[in-house]
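I have a structure here, written as structure tokens, and I will follow up with some questions on it.
Going by the order they are written in, the chains are A, B and C; count residues from 1 in each one.
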Amino acid sequence: MTDAFEPEIVAFCCHYCAYTAADMAGSKRISYPPNVKIIRVPCTGKVDAIHIMRAFEKGADGVYVAGCLEGDCHFKTGNIRAAHRVRRVQALLEEIGMEGGRVEMITMSAGMGERFAQTAREFTEKIRALGPSPIRDAIRQSGRRAAG
Amino acid sequence: MNAALLLADQGHRVYLVEREARLGGIAATVRTTLEGDDVGRYMSDLVETVQSHQKIQVLTQAIIVDHKGMPGRFTTGIQTGPRMHYMQVEHGVTILATGALANRPAQYLLGEDDRVLTQLDMDAKIEDDPESIRSMKQVVMIQCVGSREPGNPNCSRICCQSAIKNALRMKALNPDMQIYVLNRDIRTYGFQEDYYREARKQGVQFIRYEPDRRPAVRALENGLVVDAYDDILGCRLEISADAVVLSTGLIADDETTEDLSMLFHVPRSDDSYFLEDHIKLRPTDMSVRGFFLAGTAHAPKSIRESIAHGQSAAGRAMTMLAKHWINLGAAVARVDGAKCAACLICVRACPYNVPFINAEGYSEIDPAKCHGCGICAADCPARAIQLMQYEDDQILAKLDGLFERMN
Amino acid sequence: MITAVRKSIEEIIACVSPYDRILLVGCNECVSVCSVGGRKEVALLSSALHMHFLKQGKTMDIREMTLERQCDPEYVEELVNYMDGADAVLSMACGCGVQTIAARYREKPVFPAVNTTFMGASERQGVWSERCQGCGDCVLGITGGICPIARCSKRLMNGPCGGSTKGKCEIDANIDCAWQLIWDRLKALGLEKRIEDIMEAKDWRTSRDGGPRTITREDLAS
């Protein structure tokens, strides 16, 4: 295949900050890379380590959890717990020989449309530099084997 | 105040919490609108009606100190009066109408030379000291001062109309006066355009400037001189002026909105105004149920627009207040008792102390108390808790959907 | 409660890599409570292993099961229908659970995915510390409710030793000296005279020194 690598990125966005910031980016006509696919959650505290792992298992090249600024969580401590879980998943990925940097915790307030777009761009570029997830390649390979 | 009045007229008890000693905010200092409405009289009538309304309790010199509860049943602690007396108020909805601040940036000699005024100053001067206006020969207005620039990228929305309002009033007092309006573009939207046309007809000169070639104001003994560059003529102008009037617009009351957004957990925009839930679909509601926005706390607005926004807030608030039952939605955590290991992790993790281990020995979560954050569901080691509407299966199905075309 | 920590993924991989079909079994008791071997951890380990082997070009068949309690044969019996579909069993329970499975399903290799550490109490969310060593002859009644065997580094029965400094143990300044705690507690109870009573040499035959222990309740045993 000759087509260039386009990272597949999942962003778990909390309803009160990051998701609204994404909306804000939209209404301000700020564009962000189409690589980023958003899944809305009520709070980043809802993002289970398993959800992040499953995203990688299904072929995500990068995952980020975007919540409120520290101290601003609508549910008091959800973003702090989410940050702990993200660190745990980073360690787990490294244990199986993947880059921990493929998962990240990002915070922003609801009004930060520009920051949403900017972090989406930065994260996409970071993952682009890391290259495709080995899992994604493996899924393709096994799919091809099965098909062939 | 308009929102309060509307709600009170429909029989709801309203607590009006005012930080200052008197009601009215900036509007109480404005004398007239572009359309010629007498703002002073309107405001004094409004304040009197509000203050004497049986259903409205006005708390002045008041600050909000604590807040808890759920939509339809909030409890807010307020310190009020000169002695900072503490009281708690139970309320079903909250309307935020904390206003904005009149901007006074230290530009163009504002604050250094008393011949440099803001539109708000000029509005009062025309009313209070018409003689001084009659003695002026030339006046220069500068638009977009402290707006549409880094730090405050917003258009303040009201400056163009106040400039034209004051220009027309000065012309009425002194038809021979020469008025120059240095602007980046004139935004007299809607029917305000008629007044713009009228101003041009009366000889008010509108001159465009570019932000990278701003005018400059010099103070001389016998008057002010404004240096400007006229893009259309392609040459520099030197205009002598008896007064320079700056259109400084509004800025968000950063300190107030920050304090309140922390207390109420409501979001703010990048430029420190309160943020509506959706710019088009829910322009008066906030993302937190039971919170509504009115007036310039949300964005710069004219008095008429602020009143309309207040009425809209009252209308939206009524949709909650009119009901005996409020459906708070089904996004609450539910425990599968058969899976629960009674490990206490949810009990400790919940930010609102909702879960408890019941008599049957498993965790129980009262759906009426659950705020629906899902922290317990994500921390449960036995995967015994699901947050309705965001169940694991639903999230995994979304992931499947995203990666379907790849796998 | 019995506490445990997960083994490194590397060690787990080394155990299971010769096989193609793994039955990954969690336990809903102690190891769930200390967040190391319940349904959540089973799912996470399964996901990590799955990805690891996928990278190697191998699709590992991992079936997840979490039993109510792995140290009871009746619960372990629930695995019977899944054994045919598995080449090996990976258990996330404490050593008791691993052995109960190994005893029941003799033809399958069983591997532990966690290291069983100690009998402990939870101090707060996410923090557990050792409280009991199961010596078989409890002295808590005379030591003010603080166990010198589990909590004194030297298991001194008549402490403290000379290494007790400002209430901390010489082994680690973060560890409280158990005998300081005992003294403080006895004093608070007005029983400080008791510290002068010499405890006789402990009969360790009730502990591990007497060999592996069993309990038989005649009234219950059948």
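Structure notes:
FYI, a contact is a pair of C-beta atoms (placed from the backbone, for glycine too) under 8 Å apart; a residue touches a chain by one contact, two chains touch by 3 or more.
Predicted, not measured: the structure shown is a model, and the values here were computed from it.
Between B-C and A-B, more C-beta contact pairs are found at A-B.
Geometrically, the chain at the heart of the complex, using CA-atom means, is A.
For the pair chain A and chain C, the distance between mean C-alpha positions equals 36 Å. Chain B and chain C, compared by their mean Cα positions, are separated by 58 Å. Mean C-alpha position of chain A lies 33 Å from that of chain B. Residue positions 40, 43 of chain C each touch two or more of the other chains.
Multi-chain contact residues, meaning those touching two or more other chains, occur in chain B at positions 349. Shared interface positions of chain A, defined as residues touching 2 or more other chains, are 48-50, 54, 139. Residues of chain C touching chain A in their complex: 8-10, 40, 43-44, 47-52, 54-55, 57, 59.
Interface residues of chain C facing chain B in the complex, by the touch rule stated above, are 28-29, 32-33, 35, 38-41, 43, 66, 122, 124-125.
Chain B contributes residues 261-262, 265, 267-271, 275, 277-280, 287-288, 331, 349, 351, 371-375, 377-379, 387, 390, 392, 395-396, 398-400, 402-403, 406-407 to its touches with chain A in the complex. Per the touch definition, chain A reaches chain B in the complex via residues 8, 10, 15-17, 20, 23-24, 27, 37, 39, 41-43, 45-51, 54-55, 58-60, 71-72, 74-78, 81, 85, 109-114, 136, 139-140, 143.
On the side of chain B, the complex with chain C involves touching residues 339, 341-345, 348-349, 380-384.
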